[in-house]
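Each of the next two complexes has subunit A plus one other chain: subunit B in the first, subunit C in the second.
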Partner chain A sequence: MNTTIVSLVSMGSLAALFALGLAMAGRIFAVETDPKIDAIEEVLPGVNCGGCGFAGCRAFAEAVASGEAPTNGCPVGGATVAQMVAAVLGVDAVAPVRKVAQVLCQGGNAEAKQKGTYDGPVDCRIAHATQGGDKACSYGCLGYGSCVKACAFDAMYMNENGLPVVIEENCTACGKCVEACPRDIIILVPEDQGVHIRCRSLDTGRKVRQVCSVGCIACQRCVKVCPTGAIYMEDNLARINYDKCTNCRECVAVCPMKTIDWQDGKPLVLEKAAVS
Partner chain B sequence: MRRVRAFFGGIHPSENKQSTSSTPIQSLPAPATLVVPLLQHVGREAKPLVAKGDEVLKGQLLAEADGKISAPVHSPVSGKVTAIEPRTSASGRSVTSIVIENDGQDNWVEREAHPDPVQLDAKTIVERIQAAGIVGMGGAGFPTAVKLTPPQGVSIDYLIINGCECEPYLTADHRLMVEYAEEIVLGAKLLAKACGARKIIIGVEDNKPDAIASLKEQAGAVDVVALPTRYPQGGEKQLIQALTGREVPSKGLPFQAGCVVQNVGTAYAVTKALRDGEPLISRVVTVTGSVIAEPQNFFVPIGTPFQDLIEAAGGFSQTPGKVVAGGPMMGGAQFDLEAPVTKVTSGVLAFGVDESKTPNPMPCIKCARCVDVCPANLMPLKLEAYGMNEQWDNAEEYGALDCIECGCCTYICPSKRPLLHYIRFAKAEIIESQRRSS
Partner chain C sequence: MSLFLLFLSALLVNNFVLVRFLGICPFMGVSKEVDSAIGMGMATTFVMVVASAATWLIERFILEPFGLPFLQTMSFILVIASLVQLVEMFLHKTSPALYKAMGIFLPLITTNCAILGLAIMSVQNAYTFIQAVVFALGGGLGFTLALVLLAGIREELRFADIPEPLLGAPIAFICAGLLSLAFSGFAGLI
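Here is the complex of A and B:
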C-alpha cells in the first residue's frame, strides 16, 4: 500500500515538474510564424517543383507573405491558385500569363544527320558531355529524353522521330525540362503565342544545310517580311520577340526551310500591333 | 637507391606498345592547310592577334593568352591566314580556330636562342615558358608557367618529370626519352630552377628499359627511378605517392605536397623554347591501333588534321570502328577526322569494329572490384549509383570531385557497367551547382 502511494506521488510530481518545464520552454522558445504563411501554403499545389524559383512551396509561401514574390508566382497553380493566394492576403488577384514549354528544334532522326554512333548511357546531358553527342548539328536536340524524364506532370513524350513533344494542356511551365536540356532548346513562352522559330543553330547557312533539312539558314526573309519588326537576326539565327509578335504568320509562309512553325488554334493578337 | 612505394589500386591492361616502341620518330611534313584551335589548354581561349588574309611566319604569335590561366598560340608553318572560324576539335565541340594555308617555305620568325639557358634566372625562365605557349603535354594541358609559380610561402621540394606513359598503346613519350634524353634532362633542370625545386626525379615505368638507360646516361645529378608498370602510374597524385611517399590532400594540388609534376614532353618543349627559341608548334603523336596499317610515332605540326596523320601511317587496313584521340583509357572517341592535333594530343588510335563494341551493361553485383582498383580510394559503385539517380549531394560526400577519371573502375567491372560516364556526369553537375551558388 505504502509503496503504491510513494510511487504515485513521486511519479506524479515528476510529471508535473516536466509539464511545467515544457510549458515554460514552449513560451520562451516559441517561434513567431505568420499565420498567413500556413494559409498560403495550404492553397498551393504542394508538389515542391521549384518552378516559382523558390525552394519548394513553403519557401514560396514565405516569400509571398513577406512581399518578395508575386501572388501569381506559382506557375503550376495558374489563375486558380493566384486567386486563392490573393484572397488569403486580401489583395486583388492578378491572373498570371500562362506559359508553356516550346521545343525549339525540329531536327529529329529523319531531318538531322548523325555524325557517328553514341552507345553510352541514355541521357542527353551525358551524351552532350561525351564529344557533344551523335547529332551532326552541335546545337540540336540529342533525342535521349532527359527533358521527358525531368517532367513531373506527364506533359512531355518522345515521338517516333526522336523529338520531345509538349502536351500543352498538362504543361505547368515549372521549367524542369528547360533545366534538364543541355542544349537550351526548350523555352517557356506565353500560351497564346503560335509562331515559333524552331532552331537554335548558330552555324552559318551552308553548315546548317549540310547537317539538317529544317534548320535556320539565316536568309533574312522572315526579318524582311515581319510587319511588326518582331523578328531579328543575331549570330546566324533568326530570333523572335514574342512581345511584338501578333501571330500574323507572314514569316511562316516565306521560310524556305520550314523552320518557323505555326501551331493551329492560336488566335491573331491584334492589340499588340497597335502597342508597337 | 630510392624506395618506390606502390600507390593504392590500379590495373594492368595489356600494353600493346610493341608495334611502335622500337621505331624512331618520323618527322611529318606539314599539310597544305592547318587548323590551329585557340583553346588547346585548360583555361580561357587565346585572343587572336592576326586577321583573315594576313601573312604569317613559322613560329609567329597568332593569339595571345587571355588572363592568367591561358596560353598563347603560335603558327606551326609560314603561310596565309584563310579563316578564323569555329572548327571541330578533338573534344567534339566547335572551337574558334585559325586556318592557315601552308606556303611550304618554312620561313621562321626571328628566334631568340640561348646557348646555355641554365644561366637564366627563374623569373625569365617562367616568362619564356609562358611566351612559348607551353602547356602540360601529358594530356591535361594546364599552362606550365602557372604550375611553376606556386602561391607565396610554398616551397617546392621535388620536381617530378613524368615519363611513365602508363596508357596502353602510346609510345610518344617513350620514344622521346630514348631519342632526346639530353633535351629532357636539360628541360628538367630548367623547370626545377623555375619553381625552385631542391631535387629532380624522373619517374619511368619499368617496361621501358631503353628509355631508362638513355636517361641515366644523361642524368648526372638527376634521379632516374624505375617504377612498376601499373596504370595509372602516370597520374600526378599516384606518381607523387610512389616517388615521395607523400599524399596530395583531397581536392588539393601537388604543390600542397611540395611537388611539381611535369610531363617529359613538356620538359622537351621547355628546352626547345629556351635553348633554340622555338615556341610549342609541334609534338610527338603515336598513330597506332589494330586497324592502322603502319603504326608509327610522328613529330607533327600542331593543327594537322587526324586524317593526314592516319594517311601518313598507311591509312586504315580495315574499316575502323572507333578512332580515339589520346590513350585508350582516357582518350575521347572521335566523330570527325578533320579534328586537328593540338598541344595535348598524345596519340591517335584506331580500332576495329568488333573491338569497339560497347558491351551491354548488367546489374551491379556489389563485388567491389572497382573499389579495389580505384587509385583515388573512392567507391565508384556508389558514385555511379548517385550519378544515375542524380543525388549530387551524396556523390559529393563520397568524394566524386577526387575522381581522376582514369577509368580503372569501368575497365575492371565484371558487369561491364559504364561507371565513369556517370561519375563524370556527377562531377560536372556538382561543379555546375557550386558555380551557381558562388
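Here is the complex of A and C:
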C-alpha cells in the first residue's frame, strides 16, 4: 500500500513538473504567423517562379517579413512590387537592379559544324544526354529551345539560325531558362551591361576553330586591350567581370572571331547570322 | 576509467548504432541527406545528454531512496518524451526547414531505444553524474557520426550504378552493414 502511494505521488509530481515545463516552453516557442506575410504575399506577382531564390512567393514573403530577404528581392515585380512590399513593411523602397538573361553562344546552324544527325526528342536536356546532340562543339547551344519552353513570360524565341533570342523588355530575370539549359550558356546580367563574351567553350583555340566560326579561341587580345582589367582568361576561355566592365567596347573591336559583342537594344545574334 | 576513455568508448568502440545496434530506425530513416542527418544527430545528442542527466537524478533521488526500481522504464520514458516535445517546439520555432526535413522521425526520438538504452546502461554501470553525462555525449556524437557517415555514402549512392534489385533500401542496408563491420575494427582500441 505504501509503495503504491509513493509511486503515485512521485510519478505524479514528476509528470506535473514536466507538464509545467512544457507549458512554459509552449509559450516561449510558440510559432506565430506574421500578418505581414499575408500582406506581402498579396502584392507579389504570385507566379511562384522562384526567381528570387526562394521556394515560391509565400516563402519569399516569409523571408521578407523576417528581414532575410530585401524588399526588392522579387525580380519579376521590379520597382513597382518593391515599392508595395516596402509600403507594407513601412520602409523606404529601393529600386532593384534589373537583370536580363544573356545567351552566351552564337554558334547557330550557320556557324557551328555538325558532327552527325540527332533524331531524338526535341529537348536540349535529352539531346545533351544523348551523345551531346548533333553539334560538334560540346559546350555550345544545342538549339532545341528548352529555354524558350521554360520561359513563362514570352521573353524568348528561337531565331531561324537555331539560337534562342532574349526579348529584353519582357525578361524578368526569373532564371527559368538558366535552369533549363543543360549547357549553362544562359546567365543573368544587369541590363546596363552591353559587352558580352558569347562563348562558353573550354576547348583549345585550335579545337574551337575546327567546330565553330564564332567561338573564343583564347587569343587573349581582349585581355590585353581591356583598360579596366575586366576580362581574364580561365580554362581557354575569355571571361568578363561585369563589375569592372565600363562598356568601352575596346575588346569588341579587337576580337578576331567576333565572339565579343556589343548589344545595343537589338538582338545581335540575328545580325551575326546575316553576316555569315 | 578515465572520462576520455569513457567518451571514446561510447563514441567509437561501443558505438550505439554500429556496434550495439540501437536506434536503427532513425539511422536508416534520416540518413538520406547529410544536412538532415546532422540535424537529427544533434537533436538526438541533445536529448541524450539532458535525458541522461535527468534520469540519473531521478534514479538517485527518487527511485533508489523510495525503493521503486520497477518504475525505471516508465519514469525514464516520461523524461525522454517530455524532452523530445521540448526539442520539437524549439526546432519548429528556430529551424522550420530542419523541422520539415526530419518529419516523423523527430517525435520518434521518444521511442529511440538508443536513448532509453543509454539511460539504463548508465544506471547498470553505476556511473557517477559526470560519467553519465560524458557517456551520453559520446553516445550521442557516436550516433551523429554513424548517421552522417551513412548519409554521406547514400548521397554518393544516388550517382552510382547500382544493380536494379538493390536500389533504394537494400543497398543502404548493405552499406550500413559494411560500416558496422568497419567499426568492429575499433574493438581493440581500448
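Note that in this section the second predicted complex is superposed on the first by the 232 of 276 C-alpha atoms of A that agree within 3 Å, B and C clash if a C-alpha of one lies under 4 Å from a C-alpha of the other, contacts with A are read in each partner's own complex, and residues count from 1 in each chain.
Here, a contact is a pair of C-beta atoms (placed from the backbone, for glycine too) under 8 Å apart; a residue touches a chain by one contact, two chains touch by 3 or more.
Source: prediction; values computed, not measured.
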Which superposed partner A:S138 touches (first subunit B, second subunit C, both, neither): first
Touching partner for A:A15 - first (subunit B), second (subunit C), both, neither: second
Contacts of A:V97 with subunit B and subunit C, given as first, second, both or neither: neither
Which of subunit B and subunit C A:D119 touches, first, second, both or neither: first
Which of subunit B and subunit C A:G26 touches, first, second, both or neither: second
Partner chain(s) touched by A:T130 [first = subunit B, second = subunit C, both, neither]: first
Residues on subunit A lying within both footprints (that of subunit B and that of subunit C): none
Subunit A - residues contacting subunit C, complex: 3, 6-7, 10-11, 14-15, 18, 21-22, 25-26, 29-31
Contact set on subunit B toward subunit A in their complex: 91-94, 332-336, 358, 388, 418, 421-422, 424-425, 428-429
Subunit C residues within the subunit A interface of the complex: 58, 62, 66-68, 71, 74-75, 78-79, 82, 85-86, 89-90, 92-94, 96
List of subunit A residues in touch with subunit B within their complex: 115-116, 119-121, 123, 125-126, 129-134, 138
